[in-house]
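For reference, chains read A, B, C, D and E in written order, and residue numbers begin at 1 within each chain.
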Amino acid sequence: MKARSLLVLVLVVILVLSSVTFISAQDEPIKIGLGFDLTGAESSLDLPASNGAMLAVEEINAAGGVLGRQIEPVLRDSRYEMDITAQIARQFVEEDGVAAVVGFTDSDSVLASGPIIQEAGVPFITAGATSPLLPEQVGDLFFMACFGDNVQAAAAAEYAFNTYGDTAYLLWDEGVEYTTLLAEYFRARFVELGGTIVLEDNYADDATDFSTQITKIRALAEQPDFYFISAMPYNVGPVVLQMRQAGLEGPIIGGDGYDTPDIVSVAGEAANNVFFTTHALMDSEIGTDGIKAFIASYNEAYGHDPENAFAALGYDAVKLLADAIERAGSTDAAAIQEALLATADFPGITGSITFSEGSHIPQKGVTIIEIVDEQFTLAQEVVPEVVPPANLDADM
Amino acid sequence: MSLPLYALQQLINALSVGSLYALMAAGLAMVFGILGLINFAHGDMMMIAAYIAAFSLIAGIPLPIALVLMVVGTIIVAVLMERIAYRPLRTAPAVATLLTSFAVGQILQNGALLTSRFAQQPLQIAFPPIDFLRGVVLAGALTIPKVNLVSLGLGLVLLLLLTLFVTRTTLGLSMRAAAEDIQAAQLMGIDTNRVIVTAFVIGAILASAAGLLYAVQAGTVNPDMGFSPVLKAFIAAVIGGFGSIAGAVVGGYALGLLEVLLVAIPGLGDILPAATTSPEVITFFKTYLPSTLTSYRDAFVFAALILLLLVRPGGILGTVDNDNTR
Amino acid sequence: MGIRSHAAHLLDVTELTKTFKGLHALEDVNLQLDADEILGVIGPNGAGKTTLLNLLTGYLLPTRGKIFFQNKDITALRMPAVTRLGIARTFQNIRLFGAMTVLENVVTAQQLRTEFSLPEVLLATGSFRRKERELVEQAMDHLSIFGLEDHADQLANSLPYGMQRRLEIARALATSPKLLLLDEPAAGMNISETDALHEMILEVKRRFHLTIILVEHDMRLVMNMCDRILVLNYGRVLATDRPEAIRQNADVIESYLGKAHHTAAS
Amino acid sequence: MLQIDHIDVYYGKIQTLKDVSLRVDDGELVTLIGSNGAGKSTTLRTISGLLRPKQGSITYNGQRIDHLKPHEVVRLGVVHCPEGRRLFGHLSVGENLRLGAVTQTDSAEIERTRGEVYELFPKLKERNNQLAATLSGGEQQMLAIGRALMSRPKLLLLDEPSLGLAPLLVEALFAIIRQIKARGVTILLVEQNAWLALEVADRGYVMETGKIILADSAAALRTNPQVEEAYLGGGA
Amino acid sequence: MNTKMQRNGFLVVLGATLILLVGLSSSGSSFWQGIFINLGMYIILVVALNLSNGFTGVFSLGHIGFMALGAYISAILTLPLDKKASYLPDLPGWLAPVHLDMMIGPFPLGFLLATLIAGVLVTLIAVVVGLVLMRLSGHFVAVATLGFLVIVRVVLINADEFTRGSHTFSNVTAYTDLWWVYAWVFIALIAVWRLKFSSYGRAMFAQRDDGIAAQSVGIVIMRPRLLAFAVSAFFTAVAGALWAHYLTSFSPKAFYFDLTFRVITMLVVGGMGSVTGSVVGPAVITAIAEALRRLEDVTLLYGVSQIVLAVLFIVIIVFRPGGLMGEREINFAGLWQRLRFRASVAQEGSAAEP
């Protein structure tokens, strides 16, 4: 009995406390929903992205806001639980009445929330979900702040084919959509170019020891010209380190999952001769002024450098939205949509963003970074000649 | 690399993985043996250990002190965990305690998450390099990463110490007695609470060793890094026959071997030298055991596990009476 | 099997042998039991008494030998099938469905003779309700025979010891058996309780037309109640005879009853 | 030596002991008899601290022990040899004996006690390195008692030592109980075999459904018609 | 008499639920509808799991695998043909043209069919799996069923011609609404309730309490276990189908340990063996979790709510090891009596006033 009444008491207290949220502020600020997985399985990508997004909001507000109004960010944790992800989307559009939503770095979350936001007639920009299929799957109010995986994979394939040769080893993380998609797009473009994949292999998302896969590579009669490894940020360091330790010195190539300081801190000098495609060179010394400023203010706000490229993408997504609202001159969804579609050469931290020909995926140059002496250096800025179709399956 | 060399290198890989699994499984099995509790929070103890080590090293604390802090800190967490969460549940049904260990894990994970935030650290921290664990040992064409060598060595030493402890000391003997019949142990004058706390302390020591090695191998630490190793440890413990430390060790190596085999064999068709291998063999591998088959690895591991449970419910080492029910 | 007729006997056991890890728990036991008989089984602990019951009920499968019940070979049948054919049992350490009520314990045994189909249950059809009602009514009648009707809604494991014993017998009988196997029913009972048990067993034997095998340590009960007694020692049959003869059998006294009992009983 | 005053004990919500009082004096062998489920084992489990009384007190040599934990009770010299032997089957005979002496610190003393136990049960010495589970029933009971003796008890609580033993072995067992008593150990014996128990005991208590219904000298109980009728099987 | 009161009490609860549902669906708040839709799906999952884990004591950790199969099978069957051609071009010929979109007026018969087909197929799978796994007991079943969950995941990831592999399966038609969910909640609760109070339920509980005694009264242990496992798999698959057509997108990742432990937690909090508990558990956990989530949005202490929820769980388990309901059920007759009593008091009160 006692336990029960205690439970009831706790519940009541919690409900009373939480009802504070319902006391909403004046209609004046522009509300923007920020949906990220802050505590769940994707939080290592989403948390930096949300930090970047919040930073952008603060900067905009400090500079006077948008259309003379402040931006009120509504940050909600999706926990990478899909029912909750859908629920926070509903909260955004119903309870909070947000003008637009920015969020997420993975397709699952975007697809669980996107249709709800779309149906409510609210624009939605994803910070870092890079599957190029998403605009078609979600709807016409959905935009991406990042390029599609097909673009960066094609860039990587073309760069590697031209620079190193026509034989490759392909390894990917089999449990994640991003890594499998990236590997598939890479394979498609590389084979199209006339390349051969001599051996392909995969590993579980939670792997930390890659020696079995590495032994297989070492057993190859002849080493390929390069190794394409499609990995998540948390796996990149160990893979690279262990390959080098096993004596595999050839070039290692990957996608924007490599874009984290962790790769150098984990692999050290083993990270040399690693190349990857990403959005921009995030370096506090040789980066653009915008990048330098971003890194400095991120460091000030959170006590450390940006964890990975998603921090900048979250930042860019908010800035992109604010820019569109400013140009639209209102918070009307159709106006924002129109303004977004008309975005040209928007100077994002992660590169210049242009939406052309009604596409909801920006045209952005792909930055290829080389790690030299444990430093990220710019290898090349490219636009791939041929990009594999978003839906590879449909063509087969 | 010739085929025998390939096989040998993969065997070494299996041993390396296996010793880490054995280290993780031994701690889990010991607590289970005494309390009948599958402590899923064991993985989170590994995580806590890794965090303490990482934070200490980042703060510039010298390695030996950092390691002491790690072990002591993990022990404190383990003892608190036992005292607050598990002791009131001694008589509760197994399911309840299993779920409680998940709840404890949740608390530890989110605690680590909040701590990093307040410490203004990223969610995922690169584990600071430890010099003597970096690099590889070369033996001819064979390579063995030092981490793996250390986990093999440390694993053997710790397990040997553990064996000496449970066979040679009164406390160790008491522990085995409590594992068999906790009430009878009480009637012998054994303070079972002390025995249980000791089991958690040893579990914490094993977890911190395993956590450190795991973190070094993974290169980074993050709050949910404990789940995957504890699952492996759990499987290893079941393979060995749950509850016996020796079984857990055997199970750890068996699991390591199984996992390596499931990756090492598919794709051989692409690796075998075409000059010296008969084309039939290569075609066979390419047709029936292509490299892509490795993605079924976990399914095969668990299928093997289920088969083992059906054939030998007591695990590889276990003995089970032939009664057909219960 | 040979041409030997089993027609004469309700139960016919030949050369029944059970080995556990090479040890003979039971060896070459032969036993014939006629309808309406009460057979006592005695012997020191570990002599194989409970193993015999476990074999007869199909809980264990014999290593060798045959069991015929009503001319039907039941050697390879498992416990539920054996029960269905009409052999019921109780257990040395009471095994009730502790978390179920007294009534449910009996109904669970009784439903063996009632067929329910899944749609019937899920749709709660009229026939389902009728059958359930009948089951409950029958079970209540059944409980009243054992003086348990007032405890019908009590949880089985909250009953006092003596009642739990009675409930176990009531539950066994609810399967409508022809042969009842009782495993130390008087264990832990004092003499008046044992006497009451004696009465009750005879009463239900009459009422349900039972044949009974009684495994028991209480010599007084065994001697007074049984028509014949089978003595087991180290898995072998030492003697099968009428109680008076067993009492005088030197082998039995030597290996089992011992001096202490001799003096106590005399 | 041991004094139990008006204890009530519950298993969950069910009361298993009602207002039980009993007393064991130094050097005595007292037996507690009664049918299964009468509360005999519960009484022993309460003395040894496995159960807590809800009411009443237990004092041992003038000290309250009803709030102590089992291992603290053992340290005072009250040792409970439980029903069903409860040996550590996966441990050897020697290890089982070593565990019996877990409360002892003087290793010379332990070895001396071990010698005495071997003297009492020569079989155990032969089987010192054998796993306890592989012993026969009689040997297991010997080991259970030997293990209890290893802690040099002042008061030994013996729960159903004859359970599951053939009558011949039971006789041998009771001879040993007499010897233990002769060595100065006070014994509280719970037995179903009331006849034998009353033969060796000085005094006895009779329990029924959680209550003590009779208390007298063993000799008197042996001839008490009520006991004779209820537990001894009368003059059948 | 008693049964009549029971029926009246039941009707009161049913009526109250209906009023709540009508209120919700006319409120236009898709957020609150969403809460109750999620709650309903959890109730189905929990009551189904209860049938297996609670009633038979065979502790399965693999049920979310059935849910995943239910979601995928039903979604493949209802996926619009153009989406199918573009996302699942490698479907076998017989499956490629299948599109269950039949409507009877506003009623999507195709969805019902897809749900039923998914349920039946998964039930068949459960029977096969159960024939192997139901022979095990205790921790061993838990491990083996966990293995089943892992195997399902691996198969879903690798069977990409059916499932798109690790890519998100999307653009499923959003058929599921409050009425669909609660119709199935009603069916599941009634079915499990009737099973509990029938010969099947008694056999399940009997073999759980004492397997040997159960055999001695003629119960073949495998049968009640298998039945419970199969029926439970059916409803779990139905919940999967509802889930798929509510969220409209999912990937193998969604059906894994997190969801497994959420559902088991609800089950244990509610009470294993109690049908009422299978409603109470999800309701209590959902309410607390939602309240805490809102608290988190105010305090910005993300992660605290998971800690508080875990602590609450431990507290509940310590003070009520059997869960909030244990094995008991709601007493409809008592409820009815109490309501009548209140009504009569109120009447008397109002009568006395003037």
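Here, contacts are C-beta pairs under 8 Å (C-beta built on N, C-alpha and C of every residue); 3 or more make two chains touch, one makes a residue touch a chain.
Just so you know, these numbers come straight off a predicted model, no measurement behind them.
Visitor: What's the minimum number of touch steps needed to get from chain A to chain C?
Guide: Minimum number of steps from chain A to chain C: 2.
Visitor: Could you name all chains that are in contact with chain A and with chain B at the same time?
Guide: E
Visitor: Taking each chain's centre as the mean of its CA atoms, which one is farthest from the centre of chain E?
Guide: Centroid comparison gives D as the farthest chain from chain E.
Visitor: Calculate how many whole Å lie between the centre of chain B and the centre of chain E, each centre taken as the average of the chain's C-alpha atoms.
Guide: 34
Visitor: Find the geometric centre of each of chain B and chain C from their Cα atoms only, then give the gap between the two centres in Å, rounded to an integer.
Guide: Here the centre of chain C sits 50 Å away from the centre of chain B.
Visitor: For chain A and chain E, let me know how many angstrom lie between their CA-based centres, rounded off.
Guide: Chain A and chain E have C-alpha centres separated by 34 Å.
Visitor: At what distance in angstrom does the C-alpha mean of chain D lie from that of chain A?
Guide: 72
Visitor: For chain D, which residues are shared contacts with two or more other chains?
Guide: none
Visitor: Show the residues in chain B shared as contacts by 2 or more other chains, in ascending order.
Guide: 110, 113, 227, 295, 297-298
Visitor: What positions in chain C touch 2 or more of the other chains?
Guide: In chain C, no residue touches at least two other chains, as defined above.
Visitor: For chain C, which residues are in contact with chain E within the complex?
Guide: 57, 59, 78-80, 83-84, 88-89, 91, 95-100, 104, 107-109, 111-112, 114, 116, 118, 121-122, 124, 128, 132, 135, 171-172, 174-175
Visitor: With touch defined as at the start, can you tell me which chain E residues reach chain A in the complex?
Guide: Interface residues on the chain E side: 29-31, 34-35, 38, 41, 85-90, 157, 164-168, 170-171, 174, 243, 246-251, 253-254, 258-259, 262, 284, 287-288, 291-298, 300, 302-303, 306, 312, 315-316, 319-320, 324.
Visitor: Show which residues of chain C lie in contact with chain D when the two form their complex.
Guide: Listed in rising order, the residues are 44-46, 158, 160-162, 187-193, 219-220, 255-261, 264-265.
Visitor: Sort out for me which residues of chain D touch chain C in the complex.
Guide: 14, 34-37, 137, 164-168, 170-171, 192, 195-196, 208-209, 229-234, 236
Visitor: Flag every residue of chain E that touches chain B in the complex, lowest number first.
Guide: Within the complex, chain E contacts chain B at residues 53, 59, 132-133, 135-140, 142-144, 146-148, 150-151, 153-155, 157-158, 211-212, 215, 221, 257, 261, 264-265, 268, 272, 301-304, 306-307, 309-311, 313-314, 317-318, 321.
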